[in-house]
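Pasting the structures in now, so scroll down.
In the two complexes below, chain A is the common chain; its partner is chain B in one and chain C in the other.
Let's look at the complex of A and B:
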């Protein structure tokens, strides 16, 4: 133990108290004159703890304190469908943009004219209603910045124009069926390519059937039901089919009202009288969606009919070629959000609607091609709204390989990676062998990429003439923008063209 | 307005939400019910066919929901008490039943654990 003494100096007496040892001034500072309590020494910040406010004690009864909710007056929600209408609104005209003086409309004559490559062809105003009906325009496309809608005539467009012209008018191409899957990077104009095909088909008075968004059929947003008791694993979407019929009728009214039924349709509830137009036939399904699927089948049989049944010869007119355009194909290659009665997800190929359109890619049955009156099947994939389906990637590689002449038995033929467990139904759906019918083409893959520099220049000049771009369009400037746009990706070119540029 | 199991639902309501308003039906049960009768998840009550409404009502009346389920839960607690189990005693005392500490934080137990539990 340490002693309080300092052993080095023994001057301190053991009787002296420590207080007496301190210097007197120090003691005076510490002790206030009249105060003996410690109140002054206590910190003013420290509050006295209240034993009552520290919550209930151990197992003491205390009710739950519930704050009364204040009733907040909320604004009324917008009427049903208003927000959706705003989201899906398509504006096709901008009165502030300049009118481009000598812009031609697309017509039967100029859709095959290769001199027009790189120019903008307008869509005729009467056709806009038809194109709107088949939902050819998408809300995110930049139609609203120009005076009136128009599309670039690019190499693929002219090729498409020649194809459509040939199938309609040339006797050697009569009844020809071309089946294509359109792929390409984002913003390269796959959907607009479909739109161009539709506009050409409308000018040639074809029948246009479209599925503007494949995803709508698999999101479980429309009603579904088993097809019949015999086929419990096939499902029919009556509302979606009624909507398809409605689109088809509205867009193709001036073709369908001229065509009359050519046979009995036993699947329909009430027998169709001879002399009924196809428009009236389709309207049956629109009015009563419960019968939409049999009506659609009947309409399809009528549109693909090559000759009338006996007793119906009087009213028969040859059927026009057909264009079938489907956008966003990848959504049809996987499980849907629908559930079966056993609570399992339903595969998209089990929906009759999807099955019908995918079966067209296969060679036709009964010595008839998929579209006996000729026509075009254009199935586009999407790059912006694209579920990743490995089996589809492999299937598309296979289509491309077959197109290049690779034999399916050869080792170069693309095969899925081991243990990747690909969906065999997807592979089978796009595995279409060569048809025995000479007019029916095999399934092709068309890859759309950027436009050429000349086409880019045409597009940029169109921007300038619409008053959107205040810039001298020179070769050098176009080349720069073409490169900036990833080699003429048209969606990127549009972004560059509409960007506000202020010249110094 | 559509009657499902004696309850009147406005037509604009979702079928799924309407089913979940019954005591004893949650997300999974309602999804399974919808799948069983081929009703899509965004279906409104007004879009149901007559047969579907009857089917749902029939299926619901076979299930133990609402008061039946409440009674079953109360009976289970009562049975525990009557057989003199530890769990029954804890229910009666208003204490945690499943071995939790009781030093603090047993507000919910004191609130809920009763013989005549309010459900």
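Let's look at the complex of A and C:
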């Protein structure tokens, strides 16, 4: 019987392959392998590791090898203030953007023209210096993408234009004071609304006083001191007030140099001579910041003067209306970062600077309105840099309720939640009753929201005509962007408009 | 019941040899078995049948009772056949009944091949047997792949124009359909309510959204907030409104959406689906457009669960020597 063993299988035993992988032996003498298993040779390349020599030997130097820190050659940091200057830099023009042909500048004529609704009105070039001086422009507002700065004429703008025009020129509105707090969602154009008010006020030759950023006054960035020995709980910020004076003088130079002092100012160290211009008066405070607060008070008295004191009649000219614009109001409604002598946080209302501007919201004293020569108080909140102050929320709700005619004694009047411990000073600051003076309006709340579709279309066409948007501006396209911008939020519209769209 | 002569058995073995590659076991059994089998063929019949019926897996239904065929009484036969052959030619294959079914269907298709057919979407929707049900139906363990081939045949037959379909085809097809009609009970189509609102729900990742759509002019509210407040990213806003945008209805409707769970992207895309469904309530004819826009098909992917021994769903811990 034939064995079932397959002889040919022996030849296919896997002997050949491992041998092939081994390095060829130098010695040529190879005997025919008797064994079928592959030869296992130690690799000549690999050195045998000594198990004892793995660590440091006994009493040998055993120190941890510390890596030397490599000295990295760094570029020299930019000089002090350069980064800040870069961050705060405001670029108002882009020479690459196309010039929009028939763009009008804002002027006394067209600021009340309702036909211009939805168009972009440019800011006149001479006014730019004034607007820069009052810090009306903010760094992230996207002025730098257009050839020259301009703003959308929206419904609120026209209403503001009519108001400013009325206070300046109409006899029945003379001396009228409008007090407004401007709120609204992020990017709806609250700050630009203030800017538009300033530009109109400059056109009408008003005096513009601004606080461009409320937070700067409460961050403990500027020096502060108790006001006097009589008022140890009030604090004055001389540097900040000097800066305010400087802003006001630079921006309103062509108004202030025409106005002369109308009374004695005993609080000042050196008596002011009759015939001194208000510009020179303000410069006293700028030159010597230690006297900035009395100088500011003196300047304010002069600007709100309705008649001269005896002996000063000769140089007296009627004072123009005033625009007071404050941005970022919520920072003034809580404790500051400043400390008192007891090392407690100082409330913002204890700063004389803040106190002065907040007191303007209240009805004026001594049978005079807050701004006896008329004017506009615009206090805007911010939605992006916004500390949450519950008391302010309630206070603003109360303002809105009073505006709708809700009686403060009625149950519908908004009240803070029980045990929420609201800040009574905040509630009181915005709780201004109706003034007895007919020209002085009560505090109003103006909510700014998105622009209408027509205004959005005007803005988008402006983008297209500036060469930023290569798109056919159709009704449908504008409607789509209007919805995507959350109902015409103008900041979002700008983002959508400047977004580079490359069509295939 | 088939009755085998030794001749028949040898024939069958030849047949198997042609199909199956020769295995030594089989070879040996053939060589050794043939002379023995000639003596008592009835017993071999039972022995060959038994293992096949036992081996068939019944996962779905009750075990079939396997009984041996009764012995043939030769006295009752009028004429004694010269040679007995099985009824089905596929008797000696692995699954004769299935092959019979398949051959019958193939034959039927060949007969009716000239009849006009309709689009597969136009053909009546049939709930064919599931695989397990079909295995019970034929009583054999049919492989999945072969069953799929059968289903293809059935679907092709079903595509014959319903007006021209012969009765025998209809009857045959209906033999392979599940009892009842699973596709009959459809939910009632959603309608716009008395306030003019259409409601739609959508899910994506971990988010679920409900959207109410009314005729309007393009206002969108998500959880009471505006679109900008709800989705700071433009891409999310675009995807949330994509159903309306792709049908150019963005300025025709107002959206009021409630969304919860998940992150911003998931929420935005959940709103997309919800709005699309609500839009179909207002305008059912938009379905093909919306399907092309990709808002009909639901993305059913969810986060894969973490497993023990893994760092995440799939990630393994880093290998360390000791």
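What we mean here is this: the second predicted complex is superposed on the first by the 428 of 504 C-alpha atoms of A that agree within 3 Å, B and C clash if a C-alpha of one lies under 4 Å from a C-alpha of the other, contacts with A are read in each partner's own complex, and residues count from 1 in each chain.
In the analysis below, a residue touches a chain if its C-beta (ideal position, glycine included) is under 8 Å from a C-beta of that chain, and two chains touch if they have at least 3 such contacts.
None of the values given here were measured: they were computed from a predicted structure.
J.: Quick one: classify A:278 as touching chain B (first), chain C (second), both or neither.
T.: A:278 contacts neither chain B nor chain C.
J.: Just to be sure I read the superposition right, which of the two partners does A:343 touch: chain B = first, chain C = second, or both, or neither?
T.: first
J.: With both complexes superposed on chain A, which partner does A:487 reach: first (chain B), second (chain C), both or neither?
T.: Once the two structures are laid over each other on A, A:487 reaches chain C alone.
J.: Thinking of the overlay built on chain A, is A:187 touched by chain B (first), by chain C (second), by both, or by neither?
T.: second
J.: For A:476, select first, second, both or neither according to whether it touches chain B, chain C, the two together, or no partner.
T.: After superposing on A, A:476 lies in contact with chain C but is clear of chain B.
J.: Once the structures are superposed on A, label A:395 by its partner contacts, choosing first (chain B), second (chain C), both or neither.
T.: After superposing on A, A:395 lies clear of both chain B and chain C.
J.: Touch check for A:495: first (chain B), second (chain C), both, or neither?
T.: In the superposed model, A:495 contacts chain C only, not chain B.
J.: Please output the residues of chain B touching chain A within their complex, sorted ascending.
T.: It comes out as residues 12, 31-32, 34-43, 47, 103-104, 106-107, 110-111.
J.: Can you tell me which positions in chain A touch chain C when the two form their complex?
T.: 185-187, 476, 479-480, 482-487, 489, 492, 495-496, 499
J.: Residue numbers of chain A touching chain B in their complex, please.
T.: The touching residues are 58-59, 61, 64, 80, 220-226, 235, 337-343.
J.: In their complex, what parts of chain C are in touch with chain A?
T.: So the residues of chain C touching chain A come out as 218-220, 226-229, 234, 237-238, 241, 245, 248, 250-251.
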